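Quick one: this structure, given as structure tokens, is what I'll be asking you about.
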């Protein structure tokens, strides 16, 4: 396969590839818009999705602290507060 | 003193060729970048170490029965390690920002132009004597522009295993260099006013939307691009485990222990491909050059697409977030935020840039699928 | 436009047959049950996802070189994954309630009647055209009545790998349905007075007893049923690691990271057996029906045995705890507790029901050993 | 193998299987009773086996909190109490 | 009653030979030592359990398709499990005390005399009928004197796989017995005054030194002893992950989940080599005797070297810390500390003994490399 | 290979082995001394290497408590102290 032919195939790939990528992500956009339209928002009581969750990352999650840990600590501190108050 | 001779004949000193030494120096350079410069250390440290081990004469790490031999053939040749990593990345990814503002998917699409444009570069390099990139090679090199490690390793292991080492090193190095590569391009393509544009606050996204999202992505992949389902499927599995809320145990393991274990061995296995005969040639220089071009074109396409969309959009779009479309999660989004803050110290773009950033992950997985289907 | 044709020819749209679509719908149903209905999500989520992936045309997950191909052949065909899970379950199991009141072992034994009775059902189904269950098949189906996932998967992988998908799905689905299947049977077989029976408080159990218990179980298995030693042995290893108190590190890893990692891949591997040609036939309906029968007979046998034992026992026995003998740990014990509380709001049966519950795990492992020895 | 023969084999399996299961678990019961007779109870000071341990479960251990964690918290709170008292 | 006969013919009772029973008793003894006596329980518990499983007649754990068959061939025959453990040990090791006082490296070197001296013992045993140790066997046995489990298992799996079980059991047993074996030797070779010697406080060590240290070790191994690079390389990788500070995730996983998972299976796999035909012979007694000799000679050489160095050193050296040169980390260092405290209740030698202790790990890895190069 | 020959080979191994071990660790000592000479000490502010780190061990790290945990607890207790003070 000589360079010209290769370049032609690359051109095809470029055209098909970008079309496909845009088509795919465009359809996904439509799907997300449909979801937004038809799926009701969470009850405000839950509030889970509003709370800023940790940022997605393949690298930086070292510093995350277990939420169970935090729950445990706050309950421990609260319990202590009770004993203190009593 | 037969034994002494034998011991001496075995030593590295007696057996080193210049190529081995150079490759060990390359491994040390990668360790330096990882440790002192904090260049994607999670991957570059084991890759660098693997490169050193693989190039020790008479140590046999890469020979049948050697540690790295098993790691490479069991984990990388099969594609299993990058897929497990991608599952973990899915479990680490929050698509909230993307679901709240789905237009940014086009930014993640536009940035993939870097991949396909680089194909031409790779082919044109064949005009220079010493380069002989097949279309498979060109595709595996071009995917560096996807700025996504597991995708690049997966595709390279399928299309061009001999180039795997150089491609992975280029991909992770440029991801680490995103804060240096991107800002000049971003500034060159935008005006001060554009960089100051404030974007509207994102709406809250419901739990259900987040659960359905990975399934919708999977459905589209099944319908239109089965070749991308290994990558996209494992990614969506990870994300579904995360968002479903019913398998916290599994999601947490996928995000932590499992991804960590596999990362160590993926790095070592990639490093094992950094052997002198495959790395010390002019093609590696070509790959490094092409990778930089791919990143730059991807960044530029993202920014330009954001400018175009800004013209037609009702809500304002800061073109800087387009640069995050190359993925390199979360570095590129942080860079967009930082460049935005330089223009306007009160303009926090981070959450807005996370949308195109994760869209870029999907975009490059789709691009990898197209390449696999048409070139593989 | 050669490439376009190729891409199109590869798409799911162009290749889907009805069977694939139905199987993907089955996968989605399993995901729905796992996420929305919380049906054993730790297994049914990966199984459902695996079922979807396995049925994508042209994606090749199940073909040699595909992700699920490796997972199935490395982990399930060898029996290694269910055994590791069983080790983890052993490390998660506290036999205290059983040691304190060892009579309840008979309840765990009686509930295995569900397994053996179902053999007849499976054989009789052969009279209907379309069913062709061998004795191996029948045994693998009957073990669903053991209400124990790893045991069912292990036995099915040895005796009837083609039915593995359907059997695992039935086993986990019915385990999730225990709160619906069991109460009517329990109420039908007991009077209000029986359900109100209060049981004596359990004695404390010493650390030494707990350490010796798994070794005693292993010894009996070695002496009488070597065929059950893979299952029972790994289970006892897990329990010994837990109770010995000297290998906390290992015990904790077996209970958490290791079981989690293996669960993800076990689920995917089981899901990979949910392919159209093996699942979309009338035999699957038979398996689902037989599984329900097995669960029901097991529940009834446990309750009846508890009533019989109550007649002859000095200390009172509430017959409801007999239903926990099917295992389905800890769901069945909770159901016994709940039905007991309905009869008498001050009668907590949970700890008493844990005894037969864990006895049922041993009982079905022994039953599996008998079937392996005589039918395998 | 016709159905009658299969049924006969199933009957054998039923008989042997249930006998074996009862025998096995019956012997285990005897073994446990012997243990209870000959193994002395733990010292009351240890109290470990009396404390309600977490229920065995293959599924529900998500909510378990590490005992080391609790120990750490209580020691932290106690230490704090000391500094508070001082 | 065909089935009954078959079941009976399968039972352990009908099939046990005396050798199986003895080996199961050996397994139980190992469990007893691990649980009641806390002899290196992390390894001896799974080894003992594996020994029991491997010797059950008709259970087939060691046959092709059996659990232990896979564990042994995948993890131990390939050398992968001991190398992963060694990586974890590297990540758990702090070389601070060694870097602060590098002279103690000679103590770690001297203690390896135990290894090489034992070679003679193993060869001389061949004069007794019943013993037939090849030079490979002798080398694998001698490495017990290195007091380092993964190194012993790795070398034995390469040089004398048939003796692997006995060698590993001897190595871990004697490591657990260090507090019993070493003190008499240490007391016999030192005077009260020598044991009272106080050593100078160690200087603080910088982060950079700790990072460069593993790389320096690796470099020397590459230059002089490539045969040792599998062991030393993985060890240094673990240590570099620990000290570099940029891959906490990976370092923590290597120190915890990964090492735990592999330890369970390494133990089971080693236990699987404790089969009657390979263990119940006079050679095993020889191995146990030689192991004790190796430990004792190693301890003595370390102490004597420390006395010699004390003569010529400006700063005082307590000869007790020489005994820690056999490694057996951290037990031997604690023993040195304890014996020192007996002589002078205010003299804490622990930190000083950690230096030779970790030097001994390197020393025995180098010795293993020499044996691999010259005998392997 | 008879015993005498084996013993001779063992002697060779002993000689070569101990030489190699001493040479290797001796060179390492020189390297460490060079490091001590040419690598500047850490800034006192960092203090990381002075703090007694947990002892290296392949066995005893069961009892280690996550430093993040401790950090979390102390911050929780500090925060509590603040609320208490307010």
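The letters A, B, C, D, E and F name the chains in turn, as written, and every chain counts its residues from 1.
Everything below uses one rule, namely that contacts are C-beta pairs under 8 Å (C-beta built on N, C-alpha and C of every residue); 3 or more make two chains touch, one makes a residue touch a chain.
Small disclaimer: the values here were computed from a predicted structure and weren't measured.
J.: Is the number of contacting C-beta pairs greater for E-F or for A-C?
T.: Answer to which pair has more contacts is E-F.
J.: Taking each chain's centre as the mean of its C-alpha atoms, which one ends up farthest from the centre of chain B?
T.: If we average the C-alpha coordinates per chain, D ends up farthest from chain B.
J.: Counting in whole Å, what is the centre-to-centre distance of chain C and chain F, each centre being its mean C-alpha position?
T.: Using C-alpha averages as centres, the distance is 46 Å.
J.: When the centre of a chain is set as the mean of its C-alpha atoms, what distance in Å lies between chain B and chain C?
T.: Comparing mean C-alpha positions, chain C is 41 Å from chain B.
J.: Can you check how far apart chain C and chain D are, centre to centre, with Cα atoms defining each centre and the answer in Å?
T.: Their C-alpha centroids are separated by 18 Å.
J.: Just how far, in Å, is the C-alpha centre of chain E from the one of chain D?
T.: The mean C-alpha positions of chain D and chain E differ by 34 Å.
J.: Among all residues of chain A, which ones touch two or more of the remaining chains?
T.: 13, 16, 20, 61, 69, 73, 77, 80
J.: Among the residues of chain E, which are close enough to touch at least two other chains?
T.: Within chain E, residues 3, 7, 42, 224-225, 249, 256-257, 370, 374 contact more than one other chain.
J.: Mind listing the chain B positions that touch chain F in their complex?
T.: Touch list, chain B to chain F: 2-4, 7.
J.: For chain F, which residues count as touching chain B in their complex?
T.: Within the complex, chain F contacts chain B at residues 12-13, 16, 20.
J.: Which part of chain E faces chain F closely enough to touch in the complex?
T.: Residues of chain E touching chain F: 40, 42, 85, 88-89, 92-94, 96, 98-99, 102-103, 105-106, 108-109, 112-113, 115-117, 119-120, 123-124, 126-127, 135, 138-139, 149, 204-210, 212-213, 216-217, 220-221, 224-225, 255-256, 259, 329-330, 333, 350, 354, 358-359, 362-363, 366-367, 370-371, 374-375.
J.: Going by the contact rule at the top, pick out the chain E residues touching chain C in the complex.
T.: These residues of chain E touch chain C: 3, 6-7, 10-13, 15, 24, 28, 31, 34-35, 38, 41-42, 45-46, 49, 52-53, 56-59, 61, 65-67, 70, 256-257, 260-261, 263-264, 268.
J.: Can you tell me which positions in chain B touch chain C when the two form their complex?
T.: Of all residues in chain B, those touching chain C are 78-80, 83, 87, 211, 215, 218, 222-227, 229-230, 233-234, 237, 240-241, 244-247, 249-250, 252-254, 257-258, 370, 373-374.
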